[in-house]
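Take a look at these structures.
Shared between the two complexes below is subunit A, which has subunit B as its partner in the first and subunit C in the second.
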Partner chain A sequence: MKIVSLDPRVNRSSINETEESVVLKKLDQFQTYEVFAQTKRGVHHVHVGSVHAANKKIAVLFAKEQYARRGKCVNIWVVKTSDIATTEYEDSDIFDTLDEKTHRNPESYKVLNRIKEYKERTSK
Partner chain B sequence: MYGNAYIDPKKANSSLVDGENPEKLAEFEARIARGEKIEPKDWMPAMYRKQLVRMIEQHAHSEIIGSLPEGTWITRAPGFRRKLALMAKVQDEVGHAQLLYNAAETLGKSREDMINDLISGKSKYSNVFNYPAKTWADSAVIAWLIDAGAIVNQLANSRGSYGPYCRALERICAEESFHLKYGHDNVVFLATGTSKQREMVQDALTRWWPPIMHFFGPSDKDSVHSETLMRWKVKMASNDDMRQQFLNMYVPKIWDLGLTLPDANLKKNEETGKWDYTEPDWEEFKRVINGGGPCNAERLAVRRTAEENGQWVRKALLKESETYVTPLS
Partner chain C sequence: MELTERHVEGLKHLLYKMADDLLIIGHRNSEWTGMGPILEEDIAFSSMAQDKIGQSLAIYNILHEMGEQEPDTVAFTRNASSFHCSQLVEQPIGEYDFSLVRHFLYDYADAIRFDMLSNSIFEPLAMVCKKFRGELKYHTMHANIWIKDLAEGNEESKTRIQNALNKAYPMALSLFEPSEFDKELSEAEIFSGEAKCRTIWEKEVGTVILEAGLEIPQVSDPEEYYGGRSGKHTEHLQPLLDEMTEVFQIDPTADW
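This part shows the complex of A and B:
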C-alpha cells in the first residue's frame, strides 16, 4: 500500500508502507573524524566534536556544515578518531608530580637575599 | 526540538543499582554531587549508561523525525525569506541529530544500530511528530511552541552529568533560540493578520494543544526510578515541573494575542502559583507512541526510504579496511 501524505514530496516519492526493513551493516555510516575549529587567525584550533565520513575530504565538508553554521570560524582540521592517541583519566595521577618540580618554577629562585648578604660581607 | 524520553512504567520494579560495586558507585555518585562531568571512558553504573543511551538516542531520533512535519512546508513556504529560514531551521534539526547520535555513540551503541532500531520501530521518538502539519500555520505553531518546550527540556538536561551530552546540548540550545524567535514571528504575523490568517493559526493551535500537553510525558513523580536518575543528574526536572514551567512562560503569551486554548480548566492557581489544567488523555498518548498515530507509518517509511536510497552511494564510498572506534567525546 502506498503512503498517502499531506506532504506532496512524499506522494511524489511513491513510498510503500509495508516493506522489508532495511538493515544497516557495520561501517555503513563509516568511521568518525574528530573536528578542530579555529575561530580567528592567531588562536589555537579547538576540538568541537566529531563527524562520520567516508574520507577526509567529505569529513571537512560535513565538519563545515555541522560546526560552522553559526558564529565565527576561519579554519577547520579533521583527523580520524582511530589515529588519535590519548591518556586515560584513570591514570591522571601521572600529572600529579608537577607540584613537586619546583625547579621548573621561576618563583623558586630567590637571589636577592644572597646578593644582600654578599654585599654586607664584602663591604666590611 | 525534542520531547521528553519515555520511560516504560512496567519496568519500574527492580533497582537501578543492582549488582554494582558499592565502592565504585559511591565514588561515582560523589563525583556527580561535586558537579563533575562524567566522560565516556569513566566507570559508570550499567543502568546509567543504559538510560543515557536510550534518552540521547530518542532525542536524536526526535530531531530527525521532527524535521519531517516541518520540512513538509519548505516547498510551499509563503515567501522567499520564510523559505530560507525554514530550510535553515530544518538543517539545524538534522544537525542536532548528528551531534546527539555522536554523544550516544560514545556510550557504546553504534550509529548503525540506532538507525536500525528507529526504522524497525524498536526505538521511540517524541510523540508529537506522529501528528501531521496540515497548514502553514501548523509549521508556525510547531516552530514556536514545540521548540519552546524543547528548550525547557534541553536547558535542564544541559546541566546534567554526562559530558558529551551536555556539550551537544549547549550547541543545540544556542541554535534553538533562532527557532523560537522565528516561530513566534510567524505566529504573531498570522495572529495579527486578516481574519482568515487568524482562523488558520487558531485552528492549528487548537489541534496542537493536546500533543503539546503530552510533550513532557506523563507525571513521573511517583516513578521509583526518578530519585536515582535525578541523583545521577540524568533527569534534571520532573515531567510535571517542566510542563508547569512551559505553561507559565507561554500561556500568557498565547492569550496576549487573543488566541484561545481548548481547555476550559486552564488557569493559573493564585494560591499554589501553579497552573491548573485538564489531565491530558494519556490513553491517546500510549496509543500513538505505540504506532497508532496518524503519521507513525509515514514517518518511518520516509526514513526507511531515505536510508535505502542512499545505500548505494555509501556502499560505493566504503572501504572495508577502515576501522571504527567510538568518537572521543
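This part shows the complex of A and C:
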C-alpha cells in the first residue's frame, strides 16, 4: 500500500506504508555546533543557538539561515559543541559570594556622581 | 541614450525569461520544504527558494512598470506556452543530488547575469540586480560548499554528484539560448548578451567542478534543450503550473 496524502508531493514520492517504526541509532545525527552572532561590528558575538552539521563550513552555511535570516547580523562564529569547556551546575556554589562583593560592581564607585559634578562645574 | 521600441521589446523579453526562470526554480525548490535531507538543510534550501520567488517578484514589478500586467496575474494566469523559462528549471526535483546540482548550475548563471546587469544603463534593472547581490552570494556559497563536500565525500556521493552533473549540465546550457535581441541590447549597453554570460559561467562552474575532482560533462548537442525562451517546454511545466496556481484559481479575485 502506498501512502495517500493531500500533499501531491507525498503521492508523487510513492512511499510504501510500513508497520515498522524507525529507531534512531546513536550518531544518526550530525554533531552540533554552537552559533554566535554579531549584530554590529565591534560588539560582542552573542550565543543564539546550535545547528547539526557534518563540518564547520556547513555549520556556517546553516547558522546563517537558521539564526541570521531575520534581524541584523554582520558576522557569525560557530564552535563545535564538544570543544566547549564548562563548569558543572553542581559546582555553582563557586559563584555564591559574588552578591556581597559590591565593591566589584561599578555602582559602588559613585563615578556617575563625579561625572555629573564635573559636567556641572565645567558647563558654567 | 534613448530606448527605442525595439530595445523595450528586447528588455521585456530579457526580463520575462529571468523572472520566469526564478519563479519556476523557486517553486521547484520549494517542493523540498518539509522533505529535505536534514532539518537545517531543509530550512536553508526553502529559504533560498523563497529568495528566488522574491527576486522574480522584483522583476515582474519592473515589467508592470513597463506596462505589463500585475505580477500575480502574470505569474498565475499564463499557460506553459506563454512562459519563457528554460527547460532546466522546469525539470522535476528528482533526488536531492539532482536538485543540488541544478541549484549549483542555475545559481552561478543567475549570479553572473545579475552581476552583468548591475552595470546596465537600464537603471531599474541595475538597481534590482545590485539589491540581491548578497542573497546570490550566499546561494552560490551554499552550492559550492555542498558540491565540493559531496564530491570529496565517499564513492557513492561522488558518483551521484557526477551523474547528476552529467544530466543537468546539458540542460543548463538552455539558460543561455541566444536571443534575437542580444546584439542590440549589447550595443545599447543594456545587457552584454547570452554568449558572454555563458562564457563566464563555463569558466566559473568549470573551476568549481575541477577543484572538486569532478569532470566537466562533454555536451554533444548544446541546443538539445533550447526552446523554453520561446514557449517550447517539456511535459513537466504544465503540471507544475496547475499545482502552483491551484489555490489562486479557486478565487482569482480573493484578497490575501
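Here is the rule we go by: the second predicted complex is superposed on the first by the 83 of 124 C-alpha atoms of A that agree within 3 Å, B and C clash if a C-alpha of one lies under 4 Å from a C-alpha of the other, contacts with A are read in each partner's own complex, and residues count from 1 in each chain.
In the analysis below, a residue touches a chain if its C-beta (ideal position, glycine included) is under 8 Å from a C-beta of that chain, and two chains touch if they have at least 3 such contacts.
These figures come from a predicted structure and were not determined experimentally.
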item: Partner chain in contact with A:F30 - subunit B first, subunit C second, else both or neither; value: both
item: First, second, both or neither for A:L98, with subunit B first and subunit C second; value: neither
item: First, second, both or neither for A:S21, with subunit B first and subunit C second; value: first
item: Which superposed partner A:R70 touches (first subunit B, second subunit C, both, neither); value: first
item: First, second, both or neither for A:P8, with subunit B first and subunit C second; value: both
item: Residue contacts on subunit A - larger count, subunit B or subunit C; value: B
item: Which superposed partner A:K57 touches (first subunit B, second subunit C, both, neither); value: second
item: First (subunit B), second (subunit C), both or neither touched by A:V46; value: neither
item: First, second, both or neither for A:E88, with subunit B first and subunit C second; value: first
item: Overlapping contact positions on subunit A, where the subunit C interface meets the subunit B interface; value: 8-9, 13, 30, 51-52, 54-55, 58, 65-66, 69
item: Subunit A to subunit C touching residues, read off their complex; value: 8-9, 13, 30, 51-55, 57-58, 61-62, 64-66, 69
item: Subunit B residues touching subunit A - in the complex, by the definition given at the top; value: 39, 41-42, 68, 71-72, 75-76, 91-92, 95, 98-99, 102, 105, 110-112, 115-116, 119-120, 132-134, 167-168, 171, 174-175, 297-298, 301-302, 304-305, 307-308, 311, 314, 317-320, 322-329
item: Subunit A partner contacts - residues on subunit C that touch it in the complex; value: 31, 35, 38-41, 43-44, 47, 138, 141-142, 145-146, 149, 243
item: Parts of subunit A lying in touch with subunit B, wherever the complex brings them together; value: 3, 5-10, 13, 15-17, 19, 21-32, 34, 47, 49-52, 54-55, 58, 65-66, 69-70, 81-82, 84, 86, 88-90
